[in-house]
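Chain IDs A, B and C follow the sequence of writing; residue 1 opens each chain.
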Amino acid sequence: MPNPDYQGVWACLDQADGKISGVSLEVLSAARRLADMLSVQASAVLLGHSVDGLAAEAFAYGADRVYVCDDEKLKDYRAATYGKALESLIRSYRPAIILFGATNNGHDLASRLAGSLGTGLCTNCVRLQQNEEGMLIASRPVYGGSLMENVACGGARPWLYTIHQNAMEPLEPQDGKTGDIIPVKMELEEEDACAKVLKIIPAILGEISLTDAQIIVSGGRGLGDAKGFTLIQELADTLHAAVGASRAAVDAGWIPYAHQVGQTGKTVSPRLYIACGISGALQHLAGMKNSDVIVAVNRDENAPIFSAANYGIVGDLYQVIPVMIEEFKKVMAGR
Amino acid sequence: MGMDFKLTEEQIQIRDIARKFAVQEIAPLAAEIDESSKFNWPLHKKMGELGLIGMTVPEEMGGGGLDTLSWCLVIEEIAKASTAVSNYLTLSESMLNYISHLGSEDQREKYLAPIIDGELVCSFAMTEPNAGSDAGAIQATAKLEGDHYVLNGQKMFITMALQAGLFVVVANVNPGLGKDGIRTFLVPKNTPGLSLGKQLDLMGIRGTEAAPVYLEDCRIPKENLLGSADGFENVMKGMDGPGRLGAASQALGLAEAAFDAAMAYAQERSQFGRVIYTFQDIKFILAEMSTEIEAARGLICKAAWRRDHGLSYTKETSQAKLFAGKMCVRQVSNAMQILGGYSYSKEYPMERFYRDAKIHQIWDGTDQVQKIIIAKELLKEMK
Amino acid sequence: MNIMVCIKQVLDNASVPKLDPATGRVVTEGVETIANPFDLNALEGALRLTDVHGGEVSVITVGNEECKTVLKLGLAMGAAHAYLVKAPDGQEQDSWSVSYLLSRAITSLGPFDLVLCGKQAIDDDSAQVGGSIARLLNMTQVTYVEEIQEVSSESITVKRAGNSGSEIIAARLPALLTCEKSLGEPRYPTLKRTRMANRVDIPALDCTEIGADPDRAGALVKVQMVYAPEPRQRGELLRGEPEEITRLAVARLVEQKII
């Protein structure tokens, strides 16, 4: 039952370095579509410092209204201050639904809110749809992507959802579109934060993060040793891709855990996933099988990875990858 | 309902700890240990930390106070990953059993804890150029001179000799008495007069660093006599530990490893357009392998059960060891037949399994010695 | 320093979970279970802290008697105390209700300097319980912790995986951290501790004992249906000269505008 006291769909946007993140544009587009489906307004929430310039982009991606909470104490993302600001916004403006990006900060903030509001939270949603009875059904991968579940929130509002990366297409931006900007002043004390960000170590320059990547090149046990990743990196560089790895390669100490794809690593769904020397253990498959296209290179034609691959190349990766690099270079040079 | 083949919850937990450790920590190093032929101290110490050494030593002496069956399950799991590493455990357990049964309070105090913790390796210096299974033929001598024994002799094939900090040396105090003069002594590695020969270049169980041990006027304090001076029977009692069942469990573990590899391969490999498991020739081999493995398991479990229930187990142990050893050699050979060319390449573990298998018909009493023991026990039963 | 580690029992991920066509739910009966791997990384992180700084680690879970298995594992790895929180009968559980029950239990058992959780459970992949507990307990919250760098009596310095890189954060105690795998490979339970854990009588706490309202301890998010994702079509297997088949594969990707 819709609660008339709570209205509209909010998209809580991630921003860093004066830019709205890619996944946030997907979240905002999802909020727009959902608002249209429910015939309500879509709003964007911008929390941070010196963020008011970003409202235009939020309007272009479909926001009718943008709540801007600009505060020095919101410069760095911190659970307590962001949580406090958003909680107070919610109590004042009462949205029915709030969408977040399924990022680390998105989960951090949404889970905190769920705790304070005592309302339902569905994370990692890949689809939001109404069923025949008008219930809002969220579809989300579980068991590392081995299964899907459809869930529905009940009880108090607002309902919270985090939206999986690359699951919902961003809308075409409509430049020049405007709406209401609602500046919100917060009483935030530095004391509230309970935590200080001492330093941010940005991802290595030019290194593309696994979860954002459109293309991922991954290496596994079949590389034979740590040096094999130089070749993987070279192929990744050629394609502007991120480097992934199987658990076996990480456990062998060839590459840091941050690169691990799979159930106990990262779940990814890029446009193209190239698996090199990865046999395709269950946990790995679960973490990457939602990629649009999978290319697998393996010497063993019975390797389970081939069952998920659109193109399986049976051969020695040390013979195959150099040819790939050469060929892709030609393709990229032609652009 | 007189028979119960179920393991207790605790036995399953213990087996699973060993299994996980074997798969995650030992298996990745097994080929390297074999190739380098080096004893792996970090693994030995980790096994000590886990409590896998001294499992059957009574709790009041700092051991695990566990049953024989639990120990056999652990040995089987470790042996699936590496025969050499499983031998670290079987040797340590035998020596601990020796010292805990025959040792004085001082000796136990001094030596049990470091061995159990995996800090100290103790080797068994019994075998000689002319005395293997026939302990009565031992020629090494121990002559009492005042407060000291003076040891002289040559010991052969002494497993882990190069890493041992302590030796249990078997020698004769009075060669005129024959086997009644046999005694055992605790000899620390740095005792003057004890020296080690060159490491043996073995076919299998590589990584156990076996070498000859030489005793030349090696003087040890009188207190280092292990056990009372009562003679051969007492010495033999010290050997009456779980060790031989461990050897049988090692053979079982190795056979299982070979079977697992063959079974997996038979289901992956296609020839003539079919998975090879669907060929009768292949699946019949696997069916038979599995049956023989279960038979060996049955014999081992029964002997362990008898020991844990205070029943005689000498005959059963020798039966288990005899059967498991022969069975192991057969199964590894069968598995190789299924894997074909792959099994012959050093890239895969099967050729190591093959080299490791044969020792199971040789060590801790050859097949023939087991038969002597079984026959002797049979005769006793007739009386 | 006293630390509480929250552990969840999950289905063993060595095999794909099976669906019961009759109920539309995952089959749990007779399926092997394990402790959620990230929770064990958290436990390892906690044990390393008490190894150095002293204090005790406790472990807690929400569930039925069978869930004591993961608590016993926690004890066998080195935890000093274990607690089972019994969910109220007839109430379906979700991340919210588990967070609520745990927060009540932690309050009644505390105080703790730190509460540690895994970053997410590998069954529902929710990544929700840690943050909710932190808010319910008004604790400092730092999620996705990759490394613990320093601890003092008032604060803890950690490295967190943020959205745009790693953050070094000084957090005031008491704090709740959710932990990444890099916090530490879980140590093996020793044989001695395993057997000791078997003999421990683990208390099972109900709502009254932890001061929880049973009416609040139910699911807010209800599962409608569980289903298998569309299976991937098996694609094309290319065999032959490595150079030739690689060129072919690249050509296909270009043709289909994937590159």
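Annotations
By definition in this document, a contact is a pair of C-beta atoms (placed from the backbone, for glycine too) under 8 Å apart; a residue touches a chain by one contact, two chains touch by 3 or more.
Everything numeric in this text was worked out from a predicted model, so none of it was measured.
Just count the C-beta contacts per chain pair and the biggest one is A-C. Here the chain at the heart of the structure, going by C-alpha means, is C. Ranking every chain by how far its Cα centroid lies from the centroid of chain B, the top place goes to A.
Centre-to-centre separation between chain A and chain C, using Cα means, comes to 20 Å.
Remark: chain B and chain C have CA centroids separated by 41 Å (rounded to whole angstrom). Centre-to-centre, using mean CA coordinates, chain A is 55 Å away from chain B. Touching chain B in their complex are the following residues of chain C: 188-192, 194-195, 198. Put simply, chain A touches chain C in their complex at residues 14, 16-17, 21, 76-77, 79-80, 83, 103-105, 107-116, 118-124, 137, 140-156, 194-203, 239, 256-258, 260, 263-265, 267, 271-272, 282-283, 289-290, 292-295, 301, 306-316, 319-320, 323-324, 327-328, 331. For chain B in complex with chain C, the residues that touch the partner chain are 9-10, 13-14, 17, 20-21, 46, 49-52, 55, 64, 66.
Contact residues on chain C toward chain A in their complex (touch as defined above): 11, 13-17, 19, 26, 37-38, 94-96, 99-100, 103, 122-136, 140-144, 157, 159-172, 175, 180-182, 216, 220-229, 232-239, 242-243, 245-247, 249-250, 252-254, 256, 258-259.
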